[in-house]
Amino acid sequence: MTGLVDRVGRVRELGIVVALAALFGVTGVVNPAFLSPASIRDILLNSAIIATLAVGQTLVVVTRNVDLSVSSVVGISAFGGALILADHPGVPIPVVVAGCVLLGAACGAVNGLLVGVAKVPALVATLGTLYAFRGVDYAWAGGRQVNAADMPEGFLRLGSADVLGVPLPALVALTVVLAVGWVLRNLPQGRELYAIGSSPDAAVLAGIAVKRRVVSAFVVSGALAGLAGVIWAARFGTVDATVATGKELDVIAAVVVGGVAIFGGSGTVYGAALGALLLSGITSALAVLRVDALAQTAVNGALILAAIMLDRLLALRMARALRKRRYRDAR
Amino acid sequence: GGTTRSDVAAQQSAAPAASSAPAAADPNAPIKPGLKIAFLPKQVNNPYFTIADRDGVAATKEFGGEGKEVGPSEASASSQVSYINTLIQQKQDAIVISANDPNAVVPALKQAMAAGIKVVSYDSDTAKDGRHVFVNQASAEDLGRTQVQLLAEQIGHQGRIAVLSATPNATNQNTWIEFMKDELTKPEYEDMELVKVAYGNDDDQKSFTETQGLLRSYPDLAGIISPTTVGIAAAARYLSDSDFKGKVKLTGLGTPNQLRAFVKDGTIEGFELWNPGDLGYLAGWAAAALASGQITGAEGERFKAGKLGEYTVGAGGEVLLGKPTVFDAKNIDDFDF
Amino acid sequence: MLALREVSKSFGAVRALRGVSLDLTPGEAHALAGENGAGKSTLVKILSGVHRPDEGTLLLDGEPVEFHGPADAQAAGVAVIYQEPTLFPDLSVTENIFMGRQPRRSLGRVDRRAMRARALDLFARLGVPLDPDRPARGLSIADQQLVEIAKALSRDARVLVMDEPTAALSGPEVERLFGVARSLRDQGCAVLFVSHRLDEMFALCRRVTTLRDGALVATDVLADLTPDDLVRRMVGRDLAALFPKQDTAPGEVALKVDRLTREGVFTDVSFEVRSGEIVALAGLVGAGRSEVARAVFGVDRRDAGSVHVGGRPLRPGSPTAAMAAGLALVPEDRRQQGLVMDLSIERNIGLTGLKWGLLSRAAERARATDWAIRLQVKYANLTDAVTVLSGGNQQKVVLAKWLARRPRVLIVDEPTRGIDVGTKAEVHRLLSELAAEGLAVLMISSELPEVLGMADRVLVMHEGRLVADVPRAEATEERIVAAATGRPA
Amino acid sequence: MRVDRWETLVVALLAAVTVAASLGVDGFANGSNVGFLLLDVTEIALMALTMTLVIVAAEIDLSVASTLGLCCAVLGRLWTAGLPIETIMPICLVVGALAGALNGLLVTRLGLPSLAVTIGTFALYRGLAYVILGDQAVADLPPAYTSLATQSVGPIPLMTLLVAALAVAAGILLHATGLGRAITALGANEEAAYFAGIRVKRIKFWLFVASGAMAGLASLVFTFRYASARADNGVGLELAVVAAVLLGGVSIFGGRGTLPGVVAAVLLLAVVRNALILADVANEVLNFVTGLLLVASVLAPNLKVRLERKPVQ
């Protein structure tokens, strides 16, 4: 009995894993170079930033909110980090990284306070800060671009260095996924996020500190966006005020494809990270399969739609399975 | 085969002298004082334009005018149009524009011209009826052919090559690519094959990923031409950090400051570019010449461009900056832009 | 142990509680009785910290306390089963039970194994075979109620408050729940039990406190009372005078429902309502009466059976078609289903008369004014949002909205729930008047006095089936309660 | 009609900013500047009209700008294929309507959240635009139409008259017809609207169709105005449209909002932007101001309600 429900329940992540396997299988058969270690390394690198962001976004979406401002936070953090490194080469790299994370967390706190305390709907609040943070970024940059040559070699290496054959950004993303996944699954604070998204009213009755949890979800999302910003700077080397513009929709797409319900209450960061991996895997595969670059966006969109429809069908099937179950169990 | 400044000078002086300049042009008219000239780049946060416009504004200072750079933060034609309108309202004497879309800005530019504003396009031309003069950084033909020549030498005239361009709609890139394809039909390139044109959208990350994609799908690639400063920098960064470093040759258009490190570490043997500062500087002078009535944009008219000397308006209202400079390990330290 | 002293609570114009005192003592189960809207749930929510009293004090072990939220009450050892289930649909049953106070292991981790074991243990005590790992979404109301019970039990509380915990349960589960409640009581726990089922109160409790319209009537020892005494305490007035149904000769059949079935909800329901007739549909909460009404009106799909209005078959699954045929449904939940709370009074009334083209403000206003006056709605402006109206007036707006269509058949689901006594009488007078004008009325009501006073005929449902059809002359409380609880009369 | 405080505030703000800009910014009050300002918001204004209806119905359509791009691509492709422009224009409207219909079907029939659906079609439609027109820029459009798109009657552009006519129509639809009342009601409380016999799904479906068709219309204006049909036309406009609608006082949760408010908000954003650019204020400040206005638009009424509520409790 438990088996059936569990199987149906876990099918979401399973579905993405299957899709990933199919993607790699098919592409690998057509062009074995796709499966070469170097190619895998590239895909991991490419998905690392979106995966990190998707983890933060999952925290927020699980509470029945959304954070559209992540891309602007990435932008401001990437530029801020790069600027400090370029203008003050003496500042130790860990301090810069920590500073960027804090900067992101501060942006997240602004969102969190607007949503959690001032009760501004998340979509409106974060659409507003999407513009506002980007505006601050532009004003700060004032048309300036920081190039790889301006930044210390040691910092740039963070963006591409391998540790045990795995690129560092991917390792960071993996750590983030595992850590946040662990917290969401094992700590009461994590479970409470799901409870809030599942039923905000019942969460109040259960004595959960709803405001505090919502604010902290936004803060963590902001901090991770800050982290992603530094990774961005290290990885791409060329940083200006436009960094990551428009990436918010990619992040939300990854989260949705990863089976996180847009209306809160369910989904895991593993799913979201796999969603990010799948989306960048698709992009890479389309390039390797020599699919016209122009068709890639369309295929991406179609796949996103397919994923949310699949998700819906699975949810309906689960509901049906549960109804049957109720009858079987009924006294 | 690289080109040098002296080649450019030779080419300039060899240009046919004007036989019949239109009556309106008075080559001896003095530059009017206090000319207001606005530089409208594709987007304002692009360092290439920052350099070009900085020197353009410097040119306006030289002749006692007032220069400024305005523009959108995202490279779109529609937002450029908003700025053109604003410049009309501000009664600028001349607009110097690099068009995001050669056609979309034309209606607005026509309005500007109707309001008596002189229009100079630089870097990326508009349709001909949208401007008086186009200051061309280098002839499209030269750029297209020399990039193929550069790469062919580096890979020994043999192997598959690819192009990493900017956006699919970028006019200048597309013209260069046409000339590249034409150059490749010559017999000395019979062992070279252009397998793919990829688009990095002048977006750093996209260019980076596209480079990866190229190397995955064509592991035997011998070389890449990236005729855009954003693209070549991203491609260089990818190559320098991959197994392909030094094996896959990379050339194209880039700035020395951006690529110095990659030339030194052997990722890039050589690349080329005109001096963007000179481009903006020349465009500034051309705008002043137009606004002062020295030229009208007809073929054969001549004007002085400060430290760069005298230039002649060519066919189609084009003013050619000169041939591109090739930068390699030997000369790169002589340049700072 | 926990006590209320002279507690009052108002929601806007509604005085839900006025000066109520109550003592819960260790080792005693205490019943709380009263009609719908008497203030029982409000009292429960004050005990649980959801509401704070406007006046009066809360005493814990003789000391005044203030609960600033549910968390405070929980910390003080009060466990509550709310009337409406408060589950997290996406979370597992186990997590639902322990949310907010999970057992921990090292590193502050939630101890899933312990949690699951304790959930299984609770279910075993309750004798229910619920799967602890399944999500709460899709649980039947009864199962949801059981999870709520398990949640309250898991707290090892000193005070257990249960607001109609048995509403959705059947015999065996009720017995087991009582078993557990008794053992808790015997261990020194104070129990407060709210129910509409008199026999349950007698079975479990020692004393009973009766509320009427928010005021305390009496606290008695149950052993000294007969069920009739208790009903009189709850109702406390002469029913015949308050529920004046004029006698009318029934006309032809206006609504004919034949073997209507919706799987898992109700089965084979057949009845007729004639014009001029008020037919009451009685039964316990959860008997499926609202569901029948919804299926007849087409809000829910039906799996089998047919509905005829004025002799013509009605297309299933379309409220629009039902309205065109002359049907109207005043739904059970006026805030969710009956009204658009943000819209004005006149717009809410106009909602059932929308046409495609331009609206005529004058016609809309005339229609609203007309019906607002007929129903004696008390309002300041017709352009005020209905949120500002008192519950009873909101209910009248819902009625106006439907009566303005001049329906042939009116289905009213709990027409007087949460309405004060005076308004209740007005609604009854109105229904009676309309019936006299030839309207066919199907009235679903949980209030026996209302049913007895108003109905020409009483249909009784029990567990999804129609079990009795009692004409007015034979309708007695005993007979209907017996049918509703599934006992032979 | 119940005028919400915030909408009044937007109108007042618009008036204040306009007066301030006329006095303080050279060239702002100029007839041709006003004309251009009005012309420049045509597409955003058009799409904001239907977006208002969609958001009032408690849904959202993030795919409008991509639908616009798709229609531009179709226009360009068909034009290069030699079809007469008079045939192409209705086809563009139909393509837009079909794109909207797909959104509507996925939302109403499969019960998917519109936010998720239209993020998907946001990518899908833009991608299809690239597939259809590729890297081409079609510019040789008939001058009769391109000049029509920029023509003015006095200082007022022709397209502004079109917007005004449609705004009046949409305003009447939302505020003075039974359909509009139904849209408001179902946005505020879908269940109650359904119980009142309103065909909730059907109305929502047609709202998405209207939103798509309007994007198709906007694509015609866009293409002719810039005399250029490209697959990337209108990138990023969706956020500008949503921002304008929200600034206009439309509740993101549905059921509340007025068209005059939205029109005022569209103009307010345009005037602020135009005045700041004219005053040579850097582009970066514009973003900041937009964001601030947006957050303030929701925060202000919220805070007001809170302040008012305090003494009662």
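By written order: A, B, C and D. Residues from 1 in each chain.
The rule we apply is simple: a contact is a pair of C-beta atoms (placed from the backbone, for glycine too) under 8 Å apart; a residue touches a chain by one contact, two chains touch by 3 or more.
By chain, with names taken from UniProt: A = Autoinducer 2 import system permease protein LsrC; C = Sugar ABC transporter ATP-binding protein; D = Autoinducer 2 import system permease protein LsrD.
Just so it is clear, the model here is predicted, and its values are computed rather than measured.
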| item | value |
| --- | --- |
| Euclidean distance of C-alpha centroids - subunit A vs subunit B, Å | 38 |
| Inter-centroid spacing, subunit C versus subunit B (mean Cα positions, whole Å) | 76 |
| Length of the line joining the C-alpha centres of subunit A and subunit C, rounded to whole Å | 44 |
| Junction residues of subunit B, two or more chains touched | 44, 73-74, 168, 199 |
| Touching two or more other chains - residue numbers and ranges from subunit A | 138, 141, 241, 294 |
| Of all residues in subunit C, the ones touching two or more other chains | none |
| Arrangement of touching chains [line / ring / star / complete / other] | other |
| Pairs of chains found to touch, sorted by chain label | A-B, A-C, A-D, B-D, C-D |
| Residues of subunit D defined as touching subunit B within the complex | 26-28, 30, 32-33, 36, 40, 130, 134-137, 139, 146, 150, 222, 225-228, 230, 232, 234-236, 273-274, 277-278, 280, 283-284, 287 |
| Residues of subunit D that touch subunit C when the two form their complex | 2, 172, 176-179, 181-182, 184-185, 188-189, 191-199, 255-256 |
| Subunit C - residues contacting subunit D, complex | 299, 319-320, 322-323, 329, 331, 336-344, 347, 350-352, 354-359, 383, 401 |
| Of all residues in subunit A, those that touch subunit B in their complex | 31, 33-34, 36, 38-39, 42, 46, 138, 141, 143-145, 147-149, 160, 236-238, 240-242, 245, 283-284, 287-290, 293-294 |
| In the complex, subunit D residues that touch subunit A | 60, 62, 106, 110-113, 115-117, 119-128, 130-131, 134-135, 231, 236, 239, 242-243, 246, 252-253, 282-295, 297-299, 302-303 |
